[in-house]
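See the structures that follow.
Paired with chain B in one complex and with chain C in the other, chain A is shared by the two complexes that follow.
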Partner chain A sequence: MFFIKLIIRNAFRHRLRTFLTIAGVAVAILAFGMLRTLVGLWYLGVERSSATRLVTRNAISLIFPLPISYKDRIRQVPGVKSVSYGNWFGGIYIDEKHFFANYAIEPKNYLDLYPEFILPPEQKEAFIHDRKGCIVGKKLADKYGWKIGSLISLRGTIVPGQWEFVLRGIYRGADRGTEERVMMFQWDYLNETMKKTMPRRADQVGYYMIGVTNPNLAAEVAQEVDRTFKNSLAETLTETERAFQMGFVSMTEAIMIAIQIVSYIVIVIIMVVAANTMAMTARERIPEYATLKTMGFGGMHIGVIVFGESVFITLIGGVLGVLFTFPAAQWIETELSQFFPFFSVSPATIYLDLITACGIGVVAAIFPTWRGATIRIADGLRRIG
Partner chain B sequence: MTSDMENPTPPIVEISNLSKSYRRGSQIISVLEDITFAIAEGEFLALMGPSGSGKSTLLNLIAGIDKADRGSVRVGGVDITSLSEAELAGWRAANVGFIFQFYNLMPVLTAYENVELPLLLTNLSRKERRKHAELALKVVNLIDRMEHYPSQLSGGQQQRVAIARAIVTDPVILVADEPTGDLDRVSAEDVLQLMDRLVREFGKTIIMVTHDPRAAGKAHVVRHLEKGVLTA
Partner chain C sequence: MRIPYSYSFRNLWTRRLTTVLTASGMALVVFVFAATLMLAEGLQKTLVATGSYDNVVVIRKSANSEVQSSVERSQASIVESRPEVAVGEAGQPLLDKELVVLINLTKRGTSKPANVVIRGVGPGGLPLRPQVRLIEGRMPRPGSAEVIAGKSIAERFQGGGIGETLRFGMRDWTVVGIFSAGTTGFNSEIWGDVDQLMQAFRRPVYSSMLFRLRDSSEFEALKEQIESDPRLTLEAKRETRYYYDQSEAMAKFLRILGLSLTVIFSLGAVIGAMITMYAAVANRTTEIGTMRAVGFGKRSILTAFILESLLLGLTGGVLGLFFASFMQAITISTMNWQTFSELAFSFTLTFEIVWKSLLFSLVMGLVGGVLPAVRAARMSIVDALRAT
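Our next item is the complex of A and B:
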């Protein structure tokens, strides 16, 4: 108890220096937490991918379509439970600044394959039975104030023209991590229009989503699907949803690695700053440590005092950094929603923040502790006056 | 003033053939050369000498905070030159009280907490520590200032707190390095009277390094060091 009191009082002897150090640690932990969250979220799509879903696309590239006729042949592959399909539509609402993802999908099986999209049954029925119907996520609906029955107009980019949709359903995510800023409409609506305006591109899909009966069979099913279409005009590449997502993520992996490195550099910098602060503190207090040693206090006691003060200061900074992380994440999620629709700080990041803050304190205290604990009493006392 | 030869009480400190030198670069500087003398229990000894004569070094050796090159220092029958660092720390905690020129109080602790500090190394309960610390503060007549921080006390009062801290564990010897060196005349006189009282009323043995002849005048025995050699 006495030592805790001594540590706390020592920590605030030079208030400005302590507050600046705490502020530095808080900002570093905030930056570290945000960068770690960003990296974590980047891989979230991969982590959350279903083990029972496969994605089949054109083997050449995702931008090349597949015939709709593949659907029935895929359905016949052993281990396939259900098949659906979709196209990236890329429509623009108002202007490019209001970007959100929008797909043309086969509604019934697609929604069955995505149980994480929770849609009231009556809204699902309404969507399935309305050719011009669409559904959107809750966040997207909230953002634009859309209600059931609202008319939504998109400007087609891949398929030119002005497209009108009637909002038939608003889905919620099964959890916070589920994307709620997506719009989906009927693939048939797209295809019918294509038949009229550009028949050569009709009856083609961007990708197939396959539900498998057993996740353990996913690799075999994927191989069998690709074998089915081998040497056809449109060979397929089937992979698990996780591998499919990973393909996107790996394109930006270098950026993610750079962000991770920056997050560690931030910590190293603050570690050096904190170590400098503690070294200055210890240098000033060498006579006090020497005095304590004359009374019989040992290196262990000095270590407790120095380590305690260092960890106390950095932990305050760490806790403040963590506390600031939540409003900062909320701000990013609100203000930069088109880039970060979901920016939630995980408990693991919080624990990592606090452990890192303690680690900074411990590392910063090593040299001052060694110095305080090993100094000869006579030398320490000589510094007074 | 009397010499130790005339003192009938048995020695509490026995110093035999004590030598100490420091290395400065390639040079070896001898600080103490073959010092031999004894200090009787309950004696108030003043060590005098010019700067660099080795008096503080001798005090440090007696207090067990420095190591001799040769010779021995026996305090209360214990040869402290043969003790390890850890043993010395424990020995100091139990047997030596320190009084410094600049008081060396912890600025973040109150007078009471400063006095309590050495007792943390004992097995005393919190209540017992409080009793001891308050008693020590009463002896130095600062019980009414026990909740004050060093910065709220005058130099003389700070030194009295330091003396309370030095005596709170009831040590065998008190070592004082220029205890009046940073004080005005009145405060210095107060501190010296207090030290004198510790010797007379409480039977403490005090070894004091000083430049001040008035301070030395309070001592029972005055020894002079000149270039590391006892001259008187």
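Our next item is the complex of A and C:
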């Protein structure tokens, strides 16, 4: 009890310095938490994708299509429950800045494969029965103020031309992490138009989505599908949706690694600042430590006092940083919803924040503690200033 | 009467540990600041250097990159016969009709795939890009399943080295040469014979066309004519512009990221500097009082402390830049979102980044030092002298 009182009193002796250090730690912890969340978001696409859905694409690379005739052959593979397919459309709404993902899909099986897209049954029916129909996620609809029946016009980049769609449904995500900024429309609409304008590229799909009867069979099914098309004109590569997403993510991994490194650098910076504070504090109090020792306190006691003060200060900073993390995340989510539709701080990040704050305190205290604990009484008392 | 400059300098020297700690905090911030700018610069430089100003890229309208584009053979012939296309020594047009597709290759030492650009070039491909030179092996023979790989590909991807083979389009392709393209994006490409590749990928159309202008000033008129020709659904861009557009989003992302990180980090460093300077002032209360009593003015004290803080910032800045300059040896390889393909580029230090970083470190020192310096200058002589 006595020690705690001493530590708190000591911590606020230099109010300005303590306040500045706390502010520094708070900023660092805030930055650290935000960066960790950003990195987490990068991998969110991987986490929310299912391990039971398989994606089949052309083995050369994603930009090569597969013939539509593969659909029935894939369905014959044992273990396959349902097959759907789609094309990345890459249409542009207004201009490049208004980017959102848009796909041409075969509606019926596709929506069954994605139970996390919750669409009212009557809207689903309307979508399936309208060749020019499309559905969009709630967030996307809100952003552009689209209502059921709205006309949406996209400019094709892969398939040239202006394309008109009628909004037939707005889906919601089953949980907060589900992507709600996607537009999907009928593959048939795309294909019929292609048949007229560029028959060479008609009857081809970008990828197949496969639902398996038993998740444990996913690997065998994937191998079997690829074996079926081995040595054909369009060899396939089948992997789980998760692995597929991971492939995307790992392509930009270098940047994420850089951000991760940077998030540790901020911690190092603040460690240096806190260590500096503690070094100064201890230097000023050397005569006091000597006095304490004269009174019979051991090196351990002094160590506890210095350590306690350091950890106390950084922990306050850490808690403040954590408290600021939530409004900051909220702000990002509302102001930058275009980039981060979903910016929520995970409990793991919070724990990591607090552990880091303690770590800063501990590291900052090592040197001053050692000096305070090992000081010889006579030297300490003799010292002036 | 002014306080000698050496006073500020020697103060920093006297309290070395604190100075080093504070300066290294700032050095880290400057390091991050400089490194992100260098990265964005390196990316842009790589892509912009890839193009030549006098070259024109023709792609399909509203296609953002060569990979998305397609140019029909008949359209290609129309463009080829335009008088603005420069003519080479042998009377051949300086023009190349190319195929650009992506293939998946695995990086060496991992099982991670990446999208790599494979470019089918004709005889005109090399003369139009003087920066590309063969550094090892030989050129592919026309009509054979042979390719040459860019330097970055040869180093980083399985099957990219000389003598190795790559399998795609139901054929094995032998790498017979390695080319270097200076600091340009071509280093991350594989080149082969355009007709062979079109056959292998079963694509009867070209992706893009590249040609040299007879007279650079004719570009605007040519662009106008190509884009308004009802037989063509193409658009023309200067090659430099084309590659600049491809790097824009990513460079912007890196800059914004770097900027916001630096702003947050500099808060930490400024606070560090402030703590140090406040302590410097507090420890020297008597000294300051004495100086005032001896006759140095308030302004003189203020200048001395601000100078000390600026020196502190500069030390941090120089240290940070020193370490950042080593980053130039590192090559980053990542996917460019706009082209969807792998691109290798290095950190590039330019004079602009150097002065920006130093200025930034001075500003940090100034902001951290102003308040403590004001406090020092406003001390009353009697109180300061009485303090122990």
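Quick note on the criterion: the second predicted complex is superposed on the first by the 379 of 385 C-alpha atoms of A that agree within 3 Å, B and C clash if a C-alpha of one lies under 4 Å from a C-alpha of the other, contacts with A are read in each partner's own complex, and residues count from 1 in each chain.
Note that a residue touches a chain if its C-beta (ideal position, glycine included) is under 8 Å from a C-beta of that chain, and two chains touch if they have at least 3 such contacts.
This one's a predicted model, so the numbers in the text were calculated from it and none came from an experiment.
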Partner chain(s) touched by A:A101 [first = chain B, second = chain C, both, neither]: neither
Touched partner set for A:I148, first chain B, second chain C, both or neither: neither
Partner chain(s) touched by A:G298 [first = chain B, second = chain C, both, neither]: first
Comparison of chain B and chain C by chain A residues contacted: C
Touched partner set for A:E288, first chain B, second chain C, both or neither: first
Partner chain(s) touched by A:I265 [first = chain B, second = chain C, both, neither]: second
Which superposed partner A:C358 touches (first chain B, second chain C, both, neither): neither
Intersection of chain A interface sets (partners chain B, chain C): 385
Touching residues (chain side chain A, partner chain C) in the complex: 16-17, 20-21, 23-24, 27-28, 30-31, 35, 59-64, 90, 92, 96, 155-158, 160, 200, 231, 233, 235, 237, 247, 250-255, 258-259, 262, 265-266, 268-270, 272-273, 275-277, 279-280, 385
Parts of chain A lying in touch with chain B, wherever the complex brings them together: 2, 5-6, 9-10, 13, 287-288, 291-298, 376-378, 381, 384-385
Interfacial residue positions of chain B with respect to chain A in the complex: 57, 60, 63, 65-66, 86, 89-94, 96, 98, 100-102, 104, 106-109, 113, 116-118, 120-121, 177
Contacting residues of chain C [partner chain A, same complex]: 17-18, 21-22, 24-25, 28-29, 31-32, 39, 60-64, 67-68, 101-104, 112-115, 168-170, 201-202, 204, 233, 254, 257, 261, 264-265, 267-269, 271-272, 274-276, 278-279, 283, 332-335, 337, 340, 342
